[in-house]
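Structure incoming, see below.
Residue numbering begins at 1 within each chain, and the chains themselves are lettered A, B, C and D in the order written.
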Amino acid sequence: MADSKIESMSSAGAGNEVSVGGLRIGASAPLAVIAGPCAIENEHMLRETARQVIKYGAGMIRGGAFKPRTSPYSFQGLGLPGLKMLHRVGRELGVPVVSEVMDSGDVEVMAEYVDVLQVGARNMQNFPLLKKLGTIDKPVVLKRGLAATIEEWLLAAEYIMVGGNKKVILCERGIRTHERWTRNTLDLSAVAVVKSRSNLPVIVDPSHATGYTHLVAPMAKAAVAAGADGLMIEVHPCPENAMSDGQQSLTPEQFREMMAEVSRVAAAVGRDVV
Amino acid sequence: MADSKIESMSSAGAGNEVSVGGLRIGASAPLAVIAGPCAIENEHMLRETARQVIKYGAGMIRGGAFKPRTSPYSFQGLGLPGLKMLHRVGRELGVPVVSEVMDSGDVEVMAEYVDVLQVGARNMQNFPLLKKLGTIDKPVVLKRGLAATIEEWLLAAEYIMVGGNKKVILCERGIRTHERWTRNTLDLSAVAVVKSRSNLPVIVDPSHATGYTHLVAPMAKAAVAAGADGLMIEVHPCPENAMSDGQQSLTPEQFREMMAEVSRVAAAVGRDVV
Amino acid sequence: MADSKIESMSSAGAGNEVSVGGLRIGASAPLAVIAGPCAIENEHMLRETARQVIKYGAGMIRGGAFKPRTSPYSFQGLGLPGLKMLHRVGRELGVPVVSEVMDSGDVEVMAEYVDVLQVGARNMQNFPLLKKLGTIDKPVVLKRGLAATIEEWLLAAEYIMVGGNKKVILCERGIRTHERWTRNTLDLSAVAVVKSRSNLPVIVDPSHATGYTHLVAPMAKAAVAAGADGLMIEVHPCPENAMSDGQQSLTPEQFREMMAEVSRVAAAVGRDVV
Amino acid sequence: MADSKIESMSSAGAGNEVSVGGLRIGASAPLAVIAGPCAIENEHMLRETARQVIKYGAGMIRGGAFKPRTSPYSFQGLGLPGLKMLHRVGRELGVPVVSEVMDSGDVEVMAEYVDVLQVGARNMQNFPLLKKLGTIDKPVVLKRGLAATIEEWLLAAEYIMVGGNKKVILCERGIRTHERWTRNTLDLSAVAVVKSRSNLPVIVDPSHATGYTHLVAPMAKAAVAAGADGLMIEVHPCPENAMSDGQQSLTPEQFREMMAEVSRVAAAVGRDVV
């Protein structure tokens, strides 16, 4: 068992908190809320969405430029131009931005334009990518793989930390099970398990996990009650026209309502929302 | 797809609420908390445990007399004498009692001694048992099977309701997945899905789902935040000596602490705890 | 771990072979082939199907009288009249018959009419039923549950054997996974595992496992190559009109072709087909 | 559904057969057997193992130089020096060699030294890697991911083929399920499904799928009976000292025995073994 190694790493240095710009993520920090569209479609849409989610409580903006899509015939994202839009919008509005990196060869260019690099579920065990991320000085959001055990997820985090980069934020986003009325099965007990085995911050993405708009708010509240340090939420100004994942995106107005409910639950478990 | 059938049944008659003695379970009722030992070991232990959990907020007592155990060489429960103990303790303390029924041939005798009959995960598709339960006038807690989809779970409820007994309470208790650091994977999104597809009450059993004491309180809070109408919690005066499932039982003191935390979350989502 | 118990039971008494009428099932016996319709629809159809599958190599006839159906609104089987038809057809054609029992209260009547009692996947852990089956002197086919581990399956067999009935035949019929292009995932490695951990006979049901006609023959051959002691195959004279599971039934002619292919594989692994 | 796309791609160009040196892999070709150690540990061991497996019927040699390991603290492979050893041994013995590539940035150097590039289960949806492999003119073995549906697997193959490289060989190596007595669950019905939906060659790796030496031969035979076009088998001269995966490696002598058994099954389903 690699347990002892996991424990020693996470207690030695990998801290309770990861800081991104002025934002802190961790057990003793306020709830971190990352929101934005699944894919960046154009700069105007991104800016308007960002403006609204910030107004309603988001502290960081997400947006995909390089999109991992199951089929090669689906929209693959805007690429570098999308990344530059995200960078501009983040600077303009004064918030950090996060986007997904899919290849070790893209780490350097991503690190130029985004504040936090995200590793998607499909790449949780892309070890060359993880090793490369261990050499940079930017926070990494590490999503749990669809078939990954919690142990494997923590060991994937080790691949980054062993290279020197301790700024790892875990993100639970559902595992694949037999259930067919949700996109994946959100494993909130993983949040509590991670809290007892590691001191890495852990956030939850109820949008990808559930796959349906009406399930996002209940699961966001449940995640916070379970002890999650943050949320990652897909928001789109017009979900029915989204180029990807519209079915699970909130409108800005739905996001506002969700934040009001989430804030009450956060207060009940003793956590601030900025 | 059997969807239309499910919808029509649940909206026609199967009500928002199930009443058990003075206790109501459902969307507009206070949070229902059922607690007690996994297995009834002796009357003294049962009475003392019951007394304490009632003091700390439980409204119903659970205790297994007929235990479904994976191995035939494990403790199989006290049987009918255990049932009578449960009945006496419930009457003495003035609270309804719930216990598991495993066979259609036992329904009548169970119905004499307990207020609510529970169908365990292994029997969710024991159709002769479900049909028999459709003929009695007592509430039934129907646990979700380890490999059951939500659709199959609702259809199992139909097997009871089509016989005339509309008093079905669903209970999510974890599904079986690849994860090995929890006993099962608690699927809290199922609570939100059930709420959107049916009007049956749904409660959550975080004890069996997680399998570990330290995970029970976080998941109880998460369940309430997700919209659960109640909780079923294993409590044992001395978990390390329990004849079954000690690893996941709370002490009465831990139960008291959990209830304090749960009450705050319940209030945050607008639900009373009696 | 209950392993030592499993080992000791299966090596002490539970033999290499189960005999049913003149048919033997086990490691040193010829391949046992059980075939027939999913549900008994009428006596004429049953007799004609039986006649043909016997001609093409089946040694035992299967047919459901009490059907476990996911929805209470689906055809539930003919019940006792169906059982009597099965009994008559078996006697007439001189072959043993097998049918599913779902409730401990039905064991006695089933035992009057059928030669082998089958426990379906949903009832693998219906312990009162298993215990009752331990008291009779007829072979039992024990199907693996959809979420059952191999260990749990062997322990379920123990529930029968500990009562005195050592005539248990295990049947692998697929487990539930994330894959959606097959009905279940046939776990043929379970056959090899069972062979190394127990000396109970093990057969395979590729019809329920795969759910599609065109996958039955390849999986039947694979099962025999993996060491299975027998096969259980759904055959219907007119699958498109079947009252249940038509999509996975072979026509008698397809069964004939499958048997020719299976025989060659059986010979290649040193096993006869009667 | 992307089905129509999958069909059109696979029928248009992606051929029945992939040729590697003199070896052909596909439905009308002899059974292709790829064997060798999990990881290349030194040149002497590699050469001796290769010599023996070729003598017993292997047509291609496998050996890992870059090893994807769950923990960063496990042996990560010899890297480029290992690759060069594999190349030398292959040329010396006159057989093609296959090794795993984990990163798009390594494709070019890998292509210099190996005849077939393998994509491991963890990288099945590493899209930048797949796209890069679409630009080279070497065959690719694409292993199925642990949580991948067959549909996703075929779409991953499309990512390679859409770039121009039609030489894709699918490899089933087990999916992750709840079963704990095997490393993964080998899904042999996937072989039959792939054969009915695509014309790509499909091989099976029973070593990784089962995780135990004694299960390899039964599953190899079952794979061939199910219609697999080839096998990938781990062989190590001294499994108990292997630097990775010793528990599932055959000795050369066990490989010889397995090949004798496999040949008989192959003949029974009308397939030659070279």
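Everything below uses one rule, namely that contacts are C-beta pairs under 8 Å (C-beta built on N, C-alpha and C of every residue); 3 or more make two chains touch, one makes a residue touch a chain.
Quick caveat, the model's predicted, so the values are computed rather than measured.
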{"item": "Relative to chain D, chain with the most remote C-alpha centre", "value": "B"}
{"item": "Pair joined by more contacting C-beta pairs (A-D or B-D)", "value": "A-D"}
{"item": "Separation of mean Cα positions, chain D and chain A [Å, integer]", "value": "34"}
{"item": "Chain centre separation in whole Å, for chain C relative to chain B (CA means)", "value": "34"}
{"item": "Distance from chain D to chain B - Cα centre to Cα centre, in angstrom", "value": "48"}
{"item": "Residues within chain B bordering two or more other chains", "value": "147, 175-178, 180"}
{"item": "Contact set on chain A toward chain C in their complex", "value": "176-178, 180"}
{"item": "Interface residues, chain C side, partner chain B - complex", "value": "2, 5, 68-73, 102-106, 122-123, 125-129, 131, 145-147, 152, 155, 158-159, 162, 175-176"}
{"item": "Chain A residues touching chain B - in the complex, by the definition given at the top", "value": "147, 149-151, 175, 177-182, 185-193, 195-197, 209-210, 214-215, 218-219, 221-227, 261, 264-265, 267-269"}
